[in-house]
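Two complexes are shown next, each including subunit A; its partner changes from subunit B in the first to subunit C in the second.
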Partner chain A sequence: MKIAKEAIVGTLESSDLLVKVAPNDSGILDIVIRSEVIKQFGKQIRRVIDQTLSKLEVSEGTIIVEDKGALEYAIRARVQSAVLRGAASEELNWEQLS
Partner chain B sequence: MKVRRSMLFVPGDKPAMLSTAFVYKPDSVMFDLEDAVSPREKDSARLLVFHALRLPAYNDIETVVRINPLDSAYGLEDLEAAIRAGADVVRLPKTDSANDIRELESEVERLEKQYGRPVGETKLMAAIESASGVVNALAIATASPRMIAIALAGFDYLVDMRTRRSGGSEPELFYARAAVLHAARAAGIDAFDVVYGDVNDDEGFLREVQIAKQLGFNGKSLVHPRQVDLLHRAYAPTGEELEYAKRVIAAAEAAHRTGLGVVSLDGKMIDPPVIDEAEMVLSRAYVA
Partner chain C sequence: MTEFDFSAVRPEDSPQDVEEVKALLAASQLQFDTEIEVLVLCRARDRLIACAGLDHNVIKCVAVAKDFRGKSLSLRLGSEIVHLAAGRERFHLFLYSPPHNRDLFQGWGFYPLVEVPDLVLLMENSPIAIKSYCDLLRLQKSPGNRIGSCVLNANPFTLGHLFLVERAAADCDWLHVFVVREDASVFAYEDRFALVAEGVKDISNLTLHQGSEYIISRATFPGYFLKEKATIDHSWAAIDLLLFRAYIGPALGITHRYVGTEPFDAITDNYNLDMKYWLQEAQSTKEPISVVELPRMAINSTPVSASAVRRLLTEGDFDSIKNLVPATTLDFLEMKYSTAAQSAEGAELK
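What follows is the complex of A and B.
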């Protein structure tokens, strides 16, 4: 899935996260994560984001995540929503979203 | 018998609430994709609810998803998310006729087949929010064998009736409550009373709970976690009621064992509806 335009999803409320995506033509996938719990859970957050992007076949773009202590399910949902908005995708492929 | 007293609404776009609603131990938790979610957040809320439904914490609690109406831009995708994630019940808002339920049923069946769920597994309930819905309540309640409950939604209904809530004895809701409840009982399904929106007014809430309980509603739709415990306490049988129910059931069991067709207690004959009532009292007493 190609990120074609900037998009933002989520909030900065506790247990939520804000995800911004933007196109990036350099051919690299640039992921920036800021989290209040980066020391304890940084690796897990990174793993969930990587898995989610990989399943959506996102291989280039800029992804900025501001985490406020969200659980895995919320991270997955917000990253998916941001990518779908950025890709201007109308069709939902539930296999990729599961 | 599944006890349904409390159906706790959880806004579909609030991760903090989606992942914690189970701790309040409502009988059913309802993830809302409709009125609680603004149009620009429908896509993201749908995915949050999709993933929240699969949290292990919800394995042991009845999950309900309130989808947007099927003729809206969101309804079908909401339904797809709910069925694929394994929601127990789909709640259709603004149900005006039996046809609304039949349309929903046919989409649910198609999606169950598509996603390998047993056909018929997903249950349905309807929220009645208009004069048409109230008038058609029996047809709605009996429109599908999947129907497990109907709920009266007061706000939209009263707008349709060109009035508003008065507090107190609420004559403006009398007919709708009675009609919805009769339809549910005739159909053999559950009935939920309206939400009480002022979450800081325990007294008003409990007054309304008493009306609902006395009329015979199974319970209420709830908009705040603190209402769950208040409602459960109000619906709990008193010690006296519990003791009597136990004696009725013991008498019925004794009559059954000895092959007697007639059940009697303290020299009085006990009719089958009294035994049913006793079973209901016991079921309310022994749920968490």
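What follows is the complex of A and C.
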């Protein structure tokens, strides 16, 4: 699916994250992650985000993540909900999300 | 733990809150800005301890009381204002801050764009938006030693604009023309752009660009759209010009910027002076862009200006307008404003 409209989910508070999604003018999937714990957990955070996006079959959009040290399940939930809002899609396969 | 109580108010609805906000800002050496649509306020036991203002997609007037400074309150304030903006369908946000607060706002997910040293820093809430924009511009780069540029509001497009563009194009290997995108003028962006496109279509060494938030927009140059109210601050022009020098110019290899002399409008005349300073004189790691001021075209010793056309339009004086605009603009104005249309829409022209 494509990100068709802008959406923002989450907060900037400690142990949470803010996820911003937007349509991508160049037709690519662009993912930018900033985290307060990027040195220690950058790879894991990236993996969780990549997995979540690929489960949702996101192929196009700009995804910006401002992480404040969130746990994996929080990252997954925030990314899912941002993508679903931004995809403007009513169809939702809950099994894919688990 | 102290309870924080967040609320949003429109300044015009709540003069009392505004007084408190002014005091809070003053304690941080900041001034209240009259161009604010909505304020986020944070109170602790009824005392105002933090505030942030939103004007369209621009965050400004952010302050936190000294005894409440510490990361957590500021980050909540940041979340609140970002979501308030999102609720108003504004996602791409800009933020003005004193330069020393850079780190704080980076924690809000904002990234520095340009800084007027020691005075003001412009940030945006994307680490890649300006880069993506420049990447798209770069695709339209043309070869040459002398690459010119001009930025037109074209409200509406006159023979004066055409004269400027023709002279600049003749002077350069290639010319990039931008039309101010912000819909804050008498004529809609779509119409302004179409008239420019029609007017310059015979010039072969020219690229016409859509405007953007990074060129004379409400976000980067709010004062420009206030000029009829005669309220202006010089640092606004500096931000706009520094963006041009740091990002747009290098992306297209621009070496020169062309502008008409301004005999009528003091604000625009100051803008031309600022342009010379910030584009070519100010110390910067970015290459200077030379400013070329061309004398404004005059007809019967009267300089041609879009404001004159607007004035004549309110008087319905199409005979005089005919001398000041290309045929395409005249057709558009006649279609839109003559006879029947005039009574309905002419009244809105100021």
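Note that the second predicted complex is superposed on the first by the 96 of 98 C-alpha atoms of A that agree within 3 Å, B and C clash if a C-alpha of one lies under 4 Å from a C-alpha of the other, contacts with A are read in each partner's own complex, and residues count from 1 in each chain.
Please note the rule applied: a residue touches a chain if its C-beta (ideal position, glycine included) is under 8 Å from a C-beta of that chain, and two chains touch if they have at least 3 such contacts.
The structure displayed is predicted, hence computed values, not measured ones.
After alignment on the shared subunit A, the placement of subunit B and subunit C results in a side-by-side fit free of clashes. Judged by the touch definition given at the top, the superposed model places A:Leu84 against subunit B, while subunit C stays out of reach. Legend: residue contacts after superposition of the two complexes on their common chain; A:Thr62 is shown touching subunit C, with no touch to subunit B.
When the two structures are aligned on the shared chain, A:Asp25 is found in touch with subunit C, with no touch to subunit B.
In the superposed pair of complexes, A:Ser15 makes contact with subunit B only, with no contact to subunit C.
After overlaying the two complexes on the shared chain, residue contacts for A:Gln40 are found with neither subunit B nor subunit C. Taking Cα centres throughout, subunit A sits at the apex of an angle toward subunit B and subunit C that amounts to 120 degrees, reported as a multiple of 10. In the superposed model, A:Ser54 lies in contact with neither subunit B nor subunit C.
Contacts of A:Ala74 after superposition on the shared chain: subunit B is touched, whereas subunit C is not.
Taking the two complexes aligned on chain A, the least Cα distance separating subunit B from subunit C is 9 Å. Applying the stated touch rule to the two superposed structures, the overlap between the subunit B and subunit C interfaces on subunit A comprises residues 13-14. Within the complex formed with subunit C, the residues of subunit A that make contact are 6-8, 11-14, 18, 20, 22, 25-26, 30, 32, 34, 62, 64, 66, 68. Residues of subunit A that touch subunit B in their complex: 9-10, 13-16, 70-71, 73-74, 76-78, 80-81, 84-85, 92, 94, 97-98. Considering their complex, residues 14-16, 18-19, 43-44, 47-48, 50-52, 54-55, 77, 80-81, 84 of subunit B touch subunit A.
Chain contact summary for the complex, subunit C toward subunit A: residues 71-72, 75-76, 78-79, 82-83, 86, 91-92, 107-109, 125-128, 132, 135-136.
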